[in-house]
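These are the structures in question, set out in turn.
Here come two complexes built around subunit A, the first alongside subunit B, the second alongside subunit C.
Right after this comes the complex of A and B.
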């Protein structure tokens, strides 16, 4: 089984070794620009370059982020060295020996990424070992990691002077090739003449990560890195099954982190290989599909793909990529998509605690990952309330259609849609889509002169049982 | 078929146990308290208008799944007294409710006994008395786990002070390391306070601030009206309100400020009997009292999972415990 390793990174040799040791064939695509096309799903991805098409069962992205070298303006005669750059070179003679101290600065103009602290400490120690006088200026010392406190103490013992400066006090000028750095800590103004100013870099995704993310339709967080903003895909997964990211956050991995991420990812791949096929699957009715690309756009897992091989082009579901969240079913304008064993069936399952014969006041549609768990926690304490309601779990709030809510309102006085908190949805924006459906129903109710409060919506996590209890009490 | 023994039924132990069980291994969890769940079971959600990524969602209904799984046997009120044998053939002596029991036919052992909270130990450097207006990190979590739709406190405080690094990064207290999790949970908790009570005054007393979310989180927090004072308070007079005495970093004057509620952001401390644990489990100790490997676990058959090996965040424990379980499953995963 091929595993494609994509991107340029210092961990590639180690990763490919580990993959081989675990019985995989590692295929390396170091230059992302060489990848011209991409399609397929877990177990069978197809990666196209100018020369060839390579099949891979799984993909691991290792492309290093870019670092943006520090710049000070106006341009100094002794412009600052980039910390990341310097850390990859031998300490030796890049700093001319003129007797002036080396100044390492972090957190200017903005907070540096935490990883910079360990890099700076190591470099500072290396310089101190060469008998250089080192000043370490930072607003924070980020030592929340194993061995980092020890490293910090070593650095202090080696004679490095640490100064915690106040944010807006950093100032500099240069004069005759000497750079003077000025900062204010809480006790006074400190002025240091240096010939070697090293500053922390900022880390950005960069164009390669941009490119591959777009090509593979990978979801990115606010800062542009792949994955990361959703707990469910921690530590190395992405929104697409079978595609993993290692080491995307920083150009230089904290050694321990990279190793454990690699071990974890390879074991996750093995586990994914073992995953049995689901009994439920998504079907697109070709006679209804309008080929509008809506499902393709909204699928959080990039599991819909156009099928041009049929008589008329139609959308089809990549069943190995599909998470069965039901969002496409809910949002297809032509109603062409169904999941066999879909929401309707689930609605027929009634919570065993409630009595089935009498008509109930309240119907709760709750996400199985959050609200359902919270409800289960309060079942015993609020059993009387539970007698007045029917509960149905859905795999994602996004599965809930306006039409379904309306039909439920014929049987129940009230409907509560209880989904995950923003950014905690396993399918990323399923909870928000549920909200839109609820809003639509409320508008229709209002237009029909009915009480729009008959439909309620709430976002909870599994650890908010009392919020569920309060909400139910309010409704009933 | 041999079973795997999991010592400690907290987040790490249960995550590993469930992963093992789902891969057709038989698991026995030995838990010293009356129920599984450890510390995390009493933790609360820290979402505001959006998830703040505390990692708790990964836990979900873990405890239920573990309790229901047919491959997992749970012994509560039980403690491991000794481990005999070698990988593939361990025999363990367990003490429960006064009896002593022997469990044999174990091929692997996972040590996941977790950590102790610093506040349970006496503090030398910061003077204060116990008070219900001074709460620790774990009491904070219990508060959050009980959060209602509109209220967090029966009587909401107008001002909250967070004392960071309580017990951590303090050589004299012998917890010289950073506990890694306190900046995270206290910031998230503070955001929750703000969400419920927009006018609440929030002050952090800190030395350094670890990266909680992204590169500019500290500056973002300042923009959101969180006050940060870089100093360690000298003393606290418990009461209603509490009085905090500290040196103002700006002008070096001594300031006494009143705060309705104080939160001691305590860190992660090794469990009290770490020496005994290390000896019984054939593991070493690092300089901070956390357990570490002295033999490759693939040879010894004894694995570490979770905070027993050092401060770790929830999602890190989750990933690591899964990984340990998968390694034990060996050829399969």
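Right after this comes the complex of A and C.
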């Protein structure tokens, strides 16, 4: 099985060795620009360059990030040392004035990146061990995780002064070459004349990211990195099955975090290879498909692809890339997409606690990953309420069709759509898609002179049973 | 493609007042792609009408059919029986389709479900913009592929008006000045010389202004 390693990075040799050791054949594409075309799905990707087409079962991107050296205002003559540069130098070589303290600054608008934090703490500790006075300034310090916590404790014990600041200013004295750092926190301001100012570098998405992300249709987060801040994106995963990203800062030597990411990725690939094919699958009705590209655009997992081999081009589903979220089913303008074992059937398998067959007041459509779990937690306590409602679990809120919600109002007085919170939706947009459909339904109801409050929407996590209970009480 | 929008629901409901047997005819081509009159919208509308009628306790029979297109007669053959059983047809096609279905089934009232807007393109999921007005005398070669008839609010033929500012039309900050777009495009193409070719006053009879038009391809006609 080929695994394509794409990108130029210091981890490539180690990664390819590890892949070989685990029985994979590593194919290297160091020059991202050489890749001209891409198609396929996990188990069978096709990567095209000008010279050839290479098949690979899995893909690992290794050029995710680059670093930008820190800069101060151009008016100041002093420039800070780059933490990443310094980390590779001998401990005290760069210090201009050994009589003065060293200042390490992590100036980020949010939590400092784990790798930058650990490098900064290690450097601080090395300096402190050489009896240097060290000030460690940060807006927010990330110390989550065993390793960082340990480093942080050691650093505190070594006598380094940590300041969590609100504001910083810098000044430079031409004559004696001393940089003055002023730090404000909640209590006051202190001024430090430093012999060496070291600042954390910015880690930014690499310059090649745009091209590869667009070619492979990889989802990026707000900061531009592939992958992102979603609880379902495991350490090196992406929105596409079989494609992984090692979050490595291009250019710095191999570190623990890169090593653990490599180990994790390879084991994730092995696990993915063993995943059994689902007995459910997405089907596109070629006679209805308008080939409008809507499903292609909205699929969060890039699992739809045009099929030009048929008499008339239609969309088809890549079943190994598909997560069966059902977003394409609910939003296909032609109603051409179905999942075998689809929503209609699911809605019939109703979770009803009532012994009687009286018509119920409330129908709840809930995401099986969040709301359903929360509901199950309150079943026993709120059994009276449960008698008035029918519950159906869906694999994703995005699966729910507007037409279905409206039809349910013929049987039920009210419908509640309960989905995951933002950043916790496994399919990224599923909960938002559900919200938009509910908004549309309410607008239609209102325009038709019906009560728009008959359909409600709520975002919950599996750990919010109380919120579910309160919402249901309010509705009933 | 043709881009349309669903009529306000209040208008559709009021036009269907009093009918007990309704056939909703969705269209599977342009209006499906612009998400106005395809099967999805037709099913939503049917469900809505059913819920409303249940509220009012007025039994109404609604059937939804989807024709691939409503601009070629043969597609109507399959629905002849459904039309017979209905009192009214609500066509979710563009204006051309609504009229054609009415022509075929002239003995049945046909109501429009959409307001047809323009010939346009998809910009993003859920977003379409106007590109062509069917003027019948295309001059896109002179303007770098950007239409002055459609993209300029005044349909100027030889440059912008005094209302163009910051690349925007004086009508709205959301509308790009068509001539700014033309200038930028011709510059990219290295053909600003085209702007020196004056486009003469047009004979608008090639457009709708000459009356309803007909196109005949003689080599296909026996």
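In the analysis below, the second predicted complex is superposed on the first by the 338 of 476 C-alpha atoms of A that agree within 3 Å, B and C clash if a C-alpha of one lies under 4 Å from a C-alpha of the other, contacts with A are read in each partner's own complex, and residues count from 1 in each chain.
In the analysis below, a contact is a pair of C-beta atoms (placed from the backbone, for glycine too) under 8 Å apart; a residue touches a chain by one contact, two chains touch by 3 or more.
Not measured: the values here are computed from a predicted model.
*Asks:* Please work out whether A:193 is in contact with subunit B alone, subunit C alone, both, or neither, and reply first, second, both or neither.
*Replies:* A:193 contacts neither subunit B nor subunit C.
*Asks:* Looking at the overlay, what does A:403 touch: subunit B (first), subunit C (second), both, or neither?
*Replies:* The answer is second: A:403 touches subunit C but not subunit B.
*Asks:* Touching A:30 in the superposition: subunit B (first), subunit C (second), both, neither?
*Replies:* neither
*Asks:* Classify the contacts of A:39 with the two partner chains as first (subunit B alone), second (subunit C alone), both, or neither.
*Replies:* neither
*Asks:* More subunit A residues touched by subunit B or by subunit C?
*Replies:* Residues of subunit A touched, subunit B against subunit C: more for B.
*Asks:* Let me test your reading of the model: by the given contact rule, A:448 touches which partner, first (subunit B), second (subunit C), both or neither?
*Replies:* It touches subunit C, and subunit B stays clear.
*Asks:* Tell me which partner A:332 touches in the superposition: subunit B (first), subunit C (second), both or neither.
*Replies:* It touches subunit C, and subunit B stays clear.
*Asks:* Thinking of the overlay built on chain A, is A:285 touched by subunit B (first), by subunit C (second), by both, or by neither?
*Replies:* Touch status of A:285: no partner.
*Asks:* Which subunit A residues come up in both lists, the one for subunit B and the one for subunit C?
*Replies:* Overlap of subunit B and subunit C footprints on subunit A: empty.
*Asks:* Using the touch rule from the top, collect the residues of subunit A that touch subunit B in their complex.
*Replies:* Result: residues 110-114, 139-146, 148-150, 153, 164, 167, 186, 202-203, 222-223, 229-232, 234-235, 260, 263-264, 267, 270-271, 274, 369-370, 373, 376, 420-424, 460-464, 466-467, 469-471, 474 of subunit A touch subunit B.
*Asks:* Could you pull out which subunit B residues touch subunit A in their complex?
*Replies:* Contacts found on subunit B: 43-45, 47, 49-51, 53, 55-61, 64, 144-150, 169, 176-180, 183, 208-211, 214-219, 230, 249-250, 252, 287, 310-311, 315-316, 318-320, 322-323, 326-327, 332-333.
*Asks:* Name, in rising order, each residue of subunit C that touches subunit A in their complex.
*Replies:* Residue positions touching the partner: 8-10, 13, 28-29, 32-33, 35, 38-41, 43-44, 46-52, 54-55, 66, 122, 125.
*Asks:* Would you pull the subunit A residues touching subunit C in the complex into a rising list?
*Replies:* 288, 290, 292-294, 297-298, 331-335, 401-404, 406-407, 409-410, 440, 444-445, 447-450
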